[in-house]
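In the part that follows, the structures are each spelled out as structure tokens.
What follows is a pair of complexes built around subunit A, which joins subunit B in one and subunit C in the other.
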Partner chain A sequence: MIGEESGETQVTLTIDDRQVTVPNGTLILKAAEQLGIEIPVFCYHDKLKSIGACRMCIVDVEGLPKPVPSCATEVKEGMVVRTRTPEVAKMWEGVLEFLLVNHPLDCPVCDRGGECPLQDNTFKYGPRDSRFTGEKRHFAKPVPLSALVLLDRERCIMCTRCVRFCQEISGDEQLKIWDRGHGEYIDTFPGQTFDSNFSGNTIELCPVGALLSSVFRFRARPWEMKGAASICPHCGVGCNIRVDARNNREVVRFLSRENAEVDDGWLCDRGRFDSDFPNSGARLTKPLARKNGELTPVEWDEALDLVAEGLRRAAEAGPDQVGGLGSPWRTNEENYLLQKLFRTALGSNSLDFTFDGRGGGSDAIAEAFREGFFDGSISDTTTANVIFVLGSDISIDLPVVDLWLKKAVGRGAKLIYAYPTAVELAQHSQLFLPYAPGSEVELIEGLAASISAEEAAAHTGVPAELIAKAPQALMDARQTLVFVSGRLLEDEIGHRLLDALRRLRRAAASGEGQEMLVCAVFPDTNTQGAMDMGLLPGRYPGYRRIGDELAMQTIERTWLTQPASAPPMSGEQMLAAAAEGRMQAMYIMGLDPVSRPVGGEEIAEALSKVGFLVVADTFLTKTAELAHVVLPSCTFAEKDGTLTNTERRVQRIRPAMRIAGECRPDWVILSEIARRLGMEWSYGKAEDVFEEIARVTPQYAWLDYESIGEKGLQWRTG
Partner chain B sequence: MIRELIKGLGVTIKHVFRPRVTVQYPEVKREMPPRARWRHVLLRHEDGLERCIGCSLCAANCPARCIYVEAAENREGARYSPGERYAKIYEINMIRCIFCGYCQDACPVEAIILRPIYDISDDDREDFIYGKDRLIVPYPGG
Partner chain C sequence: MGVTQAQQPGKARLLSEATRENISRIALNYDSAQSVVMPALYAAQEQLGYLPDQAIVEVAEILQLPPSEVGAVASFYTMYFRRPVGQHIISVCETLSCALRGAEGIMEHVRRKLNIKAGETTADGKFSLNSVECLGACDMAPVAMIDGEYYGNLTEEKVDEILMGLGL
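Now for the complex of A and B:
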């Protein structure tokens, strides 16, 4: 048992005539849970502090004059608890009857009806009939707390889970209890809206249908939905979600699917509420080809023949004239097949997943990944003594990690936050270092005390006395966890930044038992996976250099043809070549660089000079409008695959709804193109592609769909 | 032999003078027993608002799975039913329906009811999917 290992004392007690041994300090409720004895609850939640407010969980304890709430009473040696006596049953019935006096019983129109704890507990333990004949209380239905969260006060049973979530978990204290006694109600502060990154979690916490999602409201009843265990497609955390689809036709909501290593059971509002895009009527549903200057719908065969022919002709002109752009929003399988297509059928190594310039930083970061420099995990926040964030606004880049950091601070970990402006998390930090952008290297040197605090202060603009506080904290820490922005690492200073981090690691992990873990922050869903799959200039899958004999041999054994060794072009170089009219063909998968807020026009101009442009995407984006052939691909909700999150965890997505229109998953599209280019690919399902990935990517060598399972696994080097 | 012929003709003649069992449908329609359960109708409240709240319980209870409901919210200026929710789409596939009346059983607001309306015939399968336009009783006063 866990308790025995950590040397805690054990307590043996009897619940319903059965003995159970649990660590001292366990709640009766949890002890009963171990025996499989169910005790109904409303206000109690595993992630929140017990308050014993709803009295639903009261049980009889021998020797005590009155029943006690099992969610707020700790076990004692020799305690005799009874949960299934007629007295307890009567008390539970009474509690439910009282709760139902102020509950409207409008279950047929309530979104919760069918998956409602109050409904379930009433069926199991409640009275058969109501004795209440008076008029029920009435309020305006529903009250919008924000554009996303609605409150139905008639249904609220004042368990205060939502209020406690805002206090204990998100820390933004947005919801409060107002008034007292029977007049109590939940509300935001007067005149304010529920303005939180995590407001949607309160909807899932609510044990009745009082808090409602404006996105999901009235969209489906629980029995009409089927859930698929998937991964949130909106940022690099990769929170585990259940994608609920109604009648297999439309995605209606995302629910949290707790993964204790990744999301701790929470979702951010961006992840929870941006669930409607797979249903959009604006989706591409048929391939388009340019005829007489207009994009016209064509059949798949015609479109694929055009693509294959166009790419073949361009590749014949020279491998330096074709290039492919993968995407941080596509699966590993798809990015992998894109690079395989280019490296086999087209003989080109010009592959990337962005047009952004990276000034050589990408090579440094690739090398760092290859050697296993990045070893930190999100869940290391639960053990680290010092957490150092550099150059990332975590609340926006990786919203759920924001909660992990707040939890760590609450536990007593020291948070050192280095960011040019005072972002929200900086207020929770013990040490906030607002440095001048571009001086990250000097800042780290200062923290590692390899330059003096004064010198670092001169470079970074951070007061020397602040910088001087850091080295001691790092020296004292048993475990230091560093979150460093991936954008910085990919930047020109990437090389020097990594060197500085290595020096910091030597300083912070110099003592015995000390360690420093580093985790890169990639805000986009599958940036990590795109890099892992070899969508980096000059790197094969697994960060192996082009021209590396050993790598080429292993890859050749699997691919049965030699991978291209042509000199690669980065996205930036491809864009420059395109602007000069030197790109014969480009294949862009799941990326819309033209819509970027800055520099989109230049990209559009360059792409319009590409001899043959293919865009595979879900919507007719501005980039797709420039293409010669547009291929409609599936969203994440219609296909199988894997995504690799910012902490290198490979997780699976699964299809939740039927494929819209004539769309196809990108891995199918790429296989079809490869077949037309004379390649013998025989992938029946995404899993087949993954098996091949595991064979040619050393970091993925020990992974397969079965071992990844529901919770995902981190890849490892060596 | 003659006896047999007369006997047989006697039966025929007897039936000529008996009351007819067939009626001249569709000019004449047979009266149904009062509790006959045929086609569904959706009822209205006395003030003309729809009774149906779009809860989908009928669809959940339907053994033939022939009911499809999509709900939406009543809004200012577009109120269809009392309360917050109404059925935006309500469809019954009459070919699939087995007229068991479980939908009527499940309905918490007594909105759907099986009436003795048995003339459900058409020449196109699509037309057997009855929408709200055909199911709901006319608005009082037109």
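Now for the complex of A and C:
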């Protein structure tokens, strides 16, 4: 586009006798797409650079001596393109005939059969017969590239999408073309496994059944599957997925359901391949109640009566003796109803979603959310000039954001990475600040130049000359985006850290048109939502303080009863009380603290002293084994609801398969308990709960299931 | 990433100091590491006679490139040998011009004389035979490259003479 005004010039051309006007620089392929004219492709993919290698997409352009690849040719004013002439048809047929020369045509046993671009293009544009009588290429098939990805080289058509993904998107350079000409094949370096956090994306990109998922292989035919538009349940990014279930009975795979603002069309391997758990034979499928010391299967009615009775008794002993633990792996609706149950029927404000201590930072963070301090989004990585990561190993905490950051660096954004050790992303940064844990506040003060680089260096252990580089970069940036670890914010220093970030914001957004956006990093799926719903000690839904008159009035109008104003206990305090035998009853939903690698034993000991312990979960976890009543919950694949990701985006999950055994969604279970405790709740569906959430949670006031839709919406303050 | 895990402690390095220095010197002539890959591989091959995977890993390490990238280059070109080869390397061009001028017959003749197929090495380790793409000397087709030298307008007699000169 040399010499052109950037982007804005329009070009009009004719494709198959129809006119279309597109921006200069558009590929013929994309212009045709706008007219609804299909041109078959193999090597081309919207997310990858176009290389014009396979020649599937060739079309006729008037005045040019030879056909051109439409995926690699830009439009020109007055161009006349033809895609449906006998000559083009013959060329497409020819390309397909060549591709099929070596193709094994083992469609009957190929995972891709039925949803395969090679099949579909051959069906539409290919020859009816093959003239090839020679021997096809043979390879061992399939070969495992890793425990997760297999490669059938006989099916490969050498489009190199997988190779380009490893080069352009994940940057891990794992897959390459080896050898040449008719001998070429795809492989990793000899003897090495396909070592990547994102390898599964190559399976989805592959236009044939060459790259295969070891989790999905031979599990289902496409026509047996139905997909539900859902959200990956495995981290705080909340990548949009399609959950495919076979015959409504078992989840067989997760596929990307591209959300341009959240996942850019990619999934990490942790998310993609951990799709089997809803099908597990080890799931809880019937309620259990302790009889003669043993957990024994019982009917729902009996279990629910026991729970209601047990909770009622305990609450009579005093609201400071009952408490509830919700979960970052449960929906907003469920976490909301848990706190509502405690704040109405049981008169208790002791609610949390972790037993971990929060050295006071939780109140600071709650205040910050209430006032709308956090305003950064994942997709701001596409515009920010400087991206500053503090205290989070993004590649582990929010895997897909790793790709967003690499993409940002690729387009020239400056990445400042502050983390105690040299994690992988730090190697992609322009400025890596390895600080001593605990010195985050001083580090930020140094970046904001509110203390001297030397002073910051003395506290943090980061060389002063490195710290000194940051203030100028921040001054020069029109937009700065900060990702700050939620764990740090919840810690002792949370309060001071937030103040330091406020000062940094003043420094980095002091100039005309400058802004600094901040996004908190919460690695667990719905930590944000659990906090939003009021599972923070001392806060009602929407971060309003317990006892706040106005808040209590609004809530009362909706709940038709006053919310409890008893002093709250945090998870940590509840645990301490339990250890001293002061907890009469606890309800734990979707959380297994006893299985934690550290401290699990003490938790088990404390919980075994709780007078009446109820656990609702999908498996008989170690925590559940201690309970008096265990209630079998649905997984995310069997219910409706919403999750709120780390950038405060509320997104919907939808049922993908029929409910396992006698399981129930937690919001149904909680409604049943509430009814037994005399509450008049009448939620017919998860959506009804959400409508109520929107009424009592200011940040959610403008949301409903319809507006959230397929792509989700971020909540906002005021 | 891949680069660091390559050098296992205790595993002897294949590339000599001289070769390493040579590669570092070559690198001075280029702006990008990618451009150094081919001459660096030649330097490694010169020392070792061929390019075992470990040598590729070491070249990648020196150039700070992923081993996969260097390996893929090594596997693409017929001038790099990823297996041990004979003392003399005979590369017969079989691309169009040579093919039209009888390359197939020349190849067949060499094969018979050495009693090996293209891609193989004689049992005594003396000769390796390769079929290669265009050597860029169509004016004297059919052509073979033997130990780096071009031999054109080949006939069966000429081939016999050359092989005799090499001690067959």
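Note that in this section the second predicted complex is superposed on the first by the 711 of 718 C-alpha atoms of A that agree within 3 Å, B and C clash if a C-alpha of one lies under 4 Å from a C-alpha of the other, contacts with A are read in each partner's own complex, and residues count from 1 in each chain.
We adopt the following convention: contacts are C-beta pairs under 8 Å (C-beta built on N, C-alpha and C of every residue); 3 or more make two chains touch, one makes a residue touch a chain.
Computed from a predicted structure; not experimentally measured.
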Contacts of A:Asp274 with subunit B and subunit C, given as first, second, both or neither: neither
Partner chain in contact with A:Glu93 - subunit B first, subunit C second, else both or neither: neither
Which superposed partner A:Glu115 touches (first subunit B, second subunit C, both, neither): neither
First, second, both or neither for A:Glu168, with subunit B first and subunit C second: neither
More subunit A residues in contact - subunit B or subunit C: C
Touching partner for A:Thr188 - first (subunit B), second (subunit C), both, neither: second
Partner chain(s) touched by A:Phe218 [first = subunit B, second = subunit C, both, neither]: first
Partner chain(s) touched by A:Arg180 [first = subunit B, second = subunit C, both, neither]: second
Subunit A residues touching subunit B - in the complex, by the definition given at the top: 106, 108-109, 113, 141-142, 217-219, 221, 223-224
Complex interface listing, subunit C residues touching subunit A: 1-2, 53, 57, 66-69, 71-72, 75-78, 133
List of subunit A residues in touch with subunit C within their complex: 172-181, 188-192, 195, 424
Contacting residues of subunit B [partner subunit A, same complex]: 53-57, 59-60, 71-73, 83-85, 108-109
